[in-house]
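Labels A, B, C and D are assigned to the chains in the order they are written; within every chain, residues are numbered from 1.
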Amino acid sequence: MNDFTLQQKVRFQHCDPAGIVFYPRYFEMVTATVEEWFAQRLGVPFETLHGPLGAAVPTVSMTVEFNAPSRLGDVLEFRLRPARIGRSSVGLSIAAYCGAEKRLSMESTLVFTRAGASKPDSWPEDLRARISREIDGQ
Amino acid sequence: MNDFTLQQKVRFQHCDPAGIVFYPRYFEMVTATVEEWFAQRLGVPFETLHGPLGAAVPTVSMTVEFNAPSRLGDVLEFRLRPARIGRSSVGLSIAAYCGAEKRLSMESTLVFTRAGASKPDSWPEDLRARISREIDGQ
Amino acid sequence: MNDFTLQQKVRFQHCDPAGIVFYPRYFEMVTATVEEWFAQRLGVPFETLHGPLGAAVPTVSMTVEFNAPSRLGDVLEFRLRPARIGRSSVGLSIAAYCGAEKRLSMESTLVFTRAGASKPDSWPEDLRARISREIDGQ
Amino acid sequence: MNDFTLQQKVRFQHCDPAGIVFYPRYFEMVTATVEEWFAQRLGVPFETLHGPLGAAVPTVSMTVEFNAPSRLGDVLEFRLRPARIGRSSVGLSIAAYCGAEKRLSMESTLVFTRAGASKPDSWPEDLRARISREIDGQ
């Protein structure tokens, strides 16, 4: 299966006094990419995950490189690919490109949690199956 | 001319612990709407306005009603209509709807400024002409 | 009783490519001011309000003037004064100053709501009493 | 020399629908910590760095662990320690604690750049000297 992709435009709200994307704003775009991957590829929109399912998928660790700065008006393509699945975790490889230029690359680990619980919980079977299919299909 | 419209989805980043849009985040969506209106209707993308033109269009006043709360996953339609133009200002009427339900309505005033100047400046003639056409064409 | 005041420094995260505070960020500072007013003057920290009390105080309307731009490093004094209380609402007058210069002035209306309810609810008696005392004591 | 520390309270603006800090907001707090370190320990406030000096210190890479979630009202102590200095870079070790509990730990690399330049530039001598003293004095 191909990488999941989402186009996002660099807006005024993302840019700092140096005229480039303020790096915390990249992670809002990354979160939007993860949201759309859950909705479009895994069949579980975040409003379902955080609502009826009473769950969440917090990020527990990440390694990031900001390869080149992005500027107001740039259209970035975010590419997401699941790299591995654990009992309660998933490892994601995410990159952002403007044309052929890589702007950001990251590896992050998310865990499945249930509201009120203090520990990560096992993936529900259907979610596990869908994520595994995404990994195997690559 | 019809209202300028922009669809925007309520994302995780917009929502607060009460599960609804945290109102400052609405103004990021409003700014995105103004940006696209400048780009698509006035022919001046924000990257041109803030870059080569050395200008900005800060908001100087606004009146806002938050008519009903918005939730994660809602798709909002932002509608923008210029209401009046002054020497250096423009008055905008902006509303956000989720289906038929109004979520936000606001009147705001923006002014044209040049980098380094302490006072608003007159609209450049081409921008004034385009904004006026948007108002007259309604 | 005197206005409630909170000093907040304009940080990198608040500023836009024009080098001034991006107006949605002002409302994060305004919310911090309201939070501290609830905690310090009304005796109900937001973590209690949104946690054990299962309540929220969303903003339903506001009128704002951005009197002058604020820049990176400016220390702003936010001043909050409750102007009126209704069955389930409170009207607040808020201003931000940098030294003697007014940067922002606003009137906003907040309402008391309970989690899951679709309508505003009456103020709990103790909160009503404390807000009223803040108004009368001025 | 001791770690540089900055207390920051988890506010409503930082929290997500799961009631915990939305991780991109941590990086706003991290940036505030870096700002205050530059101002208080290196003697170069960000308004000087980005203004008269015409410079910036973008983050080029980082590794982060979110050790435990933070909630509304938590007071976090951010601890910053420079770990190494290069020709144009500095490596920072940053952690956030709530009491004795570690919430976040990260290693990040920042580079010194001049406005308009496409490559990192050498540290000005005074900044290099101050950073080196911070490292040696530990």
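Note that a residue touches a chain if its C-beta (ideal position, glycine included) is under 8 Å from a C-beta of that chain, and two chains touch if they have at least 3 such contacts.
Bear in mind that the values here come from a model prediction, so they are computed numbers and not experimental data.
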{"item": "Touching subunit A and also subunit B, the following chains", "value": "C, D"}
{"item": "A-D compared against A-C, more contacting pairs", "value": "A-D"}
{"item": "Centroid spacing, where centroids are CA-atom means, of subunit A and subunit C in whole angstrom", "value": "33"}
{"item": "Subunit A and subunit D, separation of their C-alpha mean positions in angstrom", "value": "24"}
{"item": "Contacts with 2+ other chains: residues of subunit B", "value": "12-13, 17, 19, 22, 24, 28, 31, 50, 72"}
{"item": "Interfacial residue positions of subunit B with respect to subunit D in the complex", "value": "12-13, 15-17, 19, 22, 24, 72"}
{"item": "Touch list for subunit D against partner subunit A, complex", "value": "17-18, 20, 22-25, 27-28, 31, 50, 56, 58-66, 69, 115"}
{"item": "Residue numbers on subunit A that touch subunit B, as the complex places them", "value": "11-13, 19, 28, 31-32, 35, 45-47, 50-51, 71-73"}
